[in-house]
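In the part that follows, the structures are each spelled out as structure tokens.
You will see two complexes here that share chain A, one where it goes with chain B and one where it goes with chain C.
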Partner chain A sequence: MNQIEGKQKIWAEYQKEIGDDNFFFVRSCIRQSFFPGSEQTFLKIMREYLGKRVIEDYRHTTCTGIGYHSDIVKLPTIETVVARHFSLMAENGCENYVPSCVTSFGIYSEILDTWEHFPDEKERIAQFLKEATGRTLATPKNLAHTSDIIYKFRNEIAAKAKFKLVNKKTGQPLKVVEHIGCHYSKMFAKRSQGGQEFPHVLVGMIEAWGGEVIDYPERRHCCGFGFRQYLVMANRGYSVANSYKKFESMEPYHPDFIVANCPGCAMFMDKWQYTIGSMEGRTFDQEGKGIPVLTYEEMAGLVLGIDPWELGMQMHQIPVETLLDKMGVDYDPDKKFLGFNDEQLPKPPEIVFQRD
Partner chain B sequence: MGKYLSRLKQDLRVQEGLKACMNCGVCTAICPAAEFYKYDPRIIIETVQSDNDEEIEKLLKSDTIWYCGECMSCKTRCPRGNTVGLIISGLRQLSQELGFFVESEKGRQQFAIKRTIGQCILDLGYCVHASIVAPRLHPEQGPIWEWVYQNQESIFNKLGGNNFGKVGEGALAKHDDETMEELRNIFKVTGGIDFFNDIEKHSKRKAKEMGLGFKEEGIDNEYFTHVFTYNSNEHNK
Partner chain C sequence: MIENIMTKNWGYQISQTRKINLDEVDLTIAQKILDMEPTFRLCISCGGCTATCTAGSFTDFNIRRVNLMIRRGQLDGLYEQLNHCMLCGKCHLVCPHGVNTRKVILLMKQLLSEYESHRQINKEEKNV
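This part shows the complex of A and B:
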């Protein structure tokens, strides 16, 4: 075995198996609330651009993961809720389970791991499920996060690209901060692409679409959600302090944008920039507007030439126009704040950050 | 084995997360909470491992167990396979079952989480739903969120599949009655409702003890506002 073959063998150990078709897709509470356009874009890319079969079942509920990690939901309760979701998957004739939420992905991973280590617990949960719902427990053949799926098909997306992650004026690759949600790879490394040491799920997309990944000191630091540390107003200093630490660390590298695979992380890094800007007048970009924070579906959607207001990028607090201009994406500013059926909605105020 | 450790060890998460700690402190080095709060995950595991009932009870009644953000960064680094975040989950559950959580400022906040996230799960089938992210409770969300919040139906129908508040597939769709019944039954059968009731019972007792107004439902009461907003500022390094 030569050196390259040896490295390929080692890297193969960091790869996860991802299904190819017939996906059972489940939405995320946070993404539905803050990035509804991203979940729709995932479905659009899968069905219309890649021709894949993706099933959604309206009977899917919250996994209760935010309640579980803020410790108001007990383990048997969340296990049984998850067991019901798996039962819905089986009822739909699917085996490839695809959650859109990283908290949920961690929950599903933890519960499958628990059932593997404690078979009696799995039996107990099957009985709870039967008693509460009349349903039968099933388990997925494959569990992959929606970012895993986009990663798997990144080259197919690149082949259909209308834009690259390249500055149209300079021809240079855009500099991208990638942020992986903690519960994607820190808990069950083998279920992530690249493991906890080399998470590659977003890097693979960025590089396939022409961008350049920034490596910065606090790259793997938590965004600061911390569940109860954000949910309770009195604790939010924890949450913003963690994001602040990341922003300060990435600032010298002049990122063009941030992309995250976790709904909470994307939302917090957007909103905390607004908070810090409002409190201190400080931003971490050179133009004083903040660094745009994207979901990976928004990044994929821009590459495919989907209209940014169809992607839902008007819901970001930090405006994305600086990035759209760099990429050369066409957009109509007058359509940014239109509602359903082009309903004219009142425009939100524009924010200008000013130092005291 | 002492009464608290024997109960903790019934929790599968504690069984998975507590192997044999050698006190190297790498969990503390990587922990975001340890950087922000007066918090040391190494001490948590040392205290639990000590099997000293008096010390564990002190921990269960303290602010300390509520500092962790459950990011699980500790899991990636422990050379012995311990996960302090999982032990914290076990400690928090026991603290709530025994009613000890109301003895600390951070512990009392469980009532606010139950009345917001917990109620949203039982009422709507979501942990988080745009309708509960009210700008008055979330000023950090900014004016764009306020715009979304005030125009929810139009915006979610435009961006999320046009089933907002209706039964069907799409963002923030309504869950049908049968689905909600199944979800609530799961909470009943697995002890989830009893756990909620425990949080309520002990919080009501504490509100009376503290002389703060308490209502059986909702968030418009003095005790909720207090636990949701009060910060003694004695927690940070």
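This part shows the complex of A and C:
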């Protein structure tokens, strides 16, 4: 075995199996509120651009992960809720379970791991499920996060790309900060792409679509969400301090945008910039407008040439126009706040991060 | 419409970082103690010294903490803490690595006394 083959063998241990078709898709509580366009874009890419079968079931509920991580939902309760979700998947004839949320992904990973190591617990939950709903417990053949799926088909998306992650004026690759949710790769590394040490899920997309990944000192630091840090208002100073540390660390590398695969991370890295701007009057970019924060579906959607307002990018706290201009994406500023049937939605005021 | 958001009250503030930049703090005292009492290097911060310390039972004196703060170059308030030590030497008897803790404390007092004196002189000069 030569050196390259050896490295390939080692890298193979960091790969995860991802289903190819026939996905059971479950939505995220946070994303439906803050990035509703992203989940819709995922479905559009999968169905219209890649021709895959993706099933949704309206009976799917929250995984109760936020309640679980804030100590108000007990383990057997969340296990039974998850068991019901898996049962819905089986009822729909699917084996590939695809959660849109990284918190849920961590919950599903944790519970599958628990059942693997404690079969008695699995039997107990199967009994609870039967008594509560009359359903039979099933487990997925494959569990993959939606970012895993986009990662798997990144080259197919690149082949259909209308734009690249390249600055149209300079011809240089856009500098991208990638942020992986802690519950994606730090808890059950074997279920992530690249493990704890080399999470490759976003890097693979960025590189396939022409961008350049920034490696900055606090790259793997938590965004600060962490449920307990955020849910109590008195603790939010700690939460925002984590993001602040990351922003300060990435600032010298002049990132063009940030992309995250976790709903909480994308939300906080977007909204904390506004908070920090209001508290200290500073931003971490050169234009003084903040660094745009994207989800990976929004990044894929821009690459595929989908209209940014259809992607839901008007929902961002930090305006994305600087990035759209760099990429050369056509957009109509007047249509930014148009709803269905061209109904004009209320326009938020333009923000100034300046002290009086 | 333009909104200046600097006037918002959020109900919390950004927590200040507790990180220590070892390139910026003053480590000369720690280095001098290491030079003058090499057994100081053998300390594994097990806390046996603090557990047996009589002064520590009645005051906020904590030799393990003082050790740590000196190594981090965080010297404020340490001299006052060291004044609680009675130099009984029990910490020396229990140390599993044979660190001459009694001598370390004496050196700390001497060096921190000089440090505090310099700081006081600098402060007075600035006021003048």
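To be clear about the criterion, the second predicted complex is superposed on the first by the 354 of 356 C-alpha atoms of A that agree within 3 Å, B and C clash if a C-alpha of one lies under 4 Å from a C-alpha of the other, contacts with A are read in each partner's own complex, and residues count from 1 in each chain.
Basically, contacts are C-beta pairs under 8 Å (C-beta built on N, C-alpha and C of every residue); 3 or more make two chains touch, one makes a residue touch a chain.
The structure displayed is predicted, hence computed values, not measured ones.
*Asks:* State whether A:I66 touches chain B only (first), chain C only (second), both chains, or neither.
*Replies:* A:I66 contacts chain B only, not chain C.
*Asks:* Could you look at A:V352 and tell me whether it touches chain B, chain C, both or neither (first, second, both, neither)?
*Replies:* second
*Asks:* A:A234 in the overlay: touching chain B, chain C, both, or neither? Say first, second, both or neither.
*Replies:* Touch partners of A:A234: chain B and chain C.
*Asks:* Looking at the overlay, does A:Q3 come into contact with chain B only (first), chain C only (second), both, or neither?
*Replies:* Touch status of A:Q3: no partner.
*Asks:* Per the overlay, which chain contacts more chain A residues, chain B or chain C?
*Replies:* When the residues of chain A touched by each partner are counted, B comes out ahead.
*Asks:* Is A:Y244 touching anything from chain B or chain C once the two structures are fitted on A? First, second, both or neither.
*Replies:* The answer is second: A:Y244 touches chain C but not chain B.
*Asks:* Report for A:E280: first if it touches chain B alone, second if chain C alone, otherwise both or neither.
*Replies:* It touches chain C, and chain B stays clear.
*Asks:* Just checking: does A:T170 make contact with chain B only, chain C only, both, or neither of them? Give me first, second, both or neither.
*Replies:* neither
*Asks:* Common interface residues of chain A with chain B and chain C?
*Replies:* Residues 233-238, 240-241, 274-275, 278, 349, 351 of chain A touch both chain B and chain C.
*Asks:* Once bound in the complex, which stretches of chain A touch chain C?
*Replies:* 233-238, 240-241, 244-245, 274-281, 349-356
*Asks:* Flag every residue of chain C that touches chain A in the complex, lowest number first.
*Replies:* For chain C paired with chain A, touching residues are 1-6, 8, 10-17.
*Asks:* Going by the contact rule at the top, pick out the chain A residues touching chain B in the complex.
*Replies:* The contact residues of chain A facing chain B are 27, 29-30, 32-33, 36-37, 39-40, 56-59, 61-67, 69-77, 79-81, 84, 106, 114, 117-118, 121, 128-129, 131-133, 135, 182-183, 186-187, 189, 196, 221-222, 224-229, 231-238, 240-242, 271-272, 274-275, 278, 310, 312, 314-317, 337-341, 343, 345-349, 351.
*Asks:* Inside the complex, what are the residues of chain B that reach chain A?
*Replies:* Going by the criterion above, the answer is residues 11-13, 16, 32-33, 36-37, 66, 68-73, 75-76, 89, 92-93, 96, 106, 109-110, 112-114, 116-118, 121, 125-130, 133, 137, 140-148, 150-151, 153-163, 167-169, 171-173, 175-176, 178-180, 182-183, 185-192, 195-196, 199, 227-231, 236.
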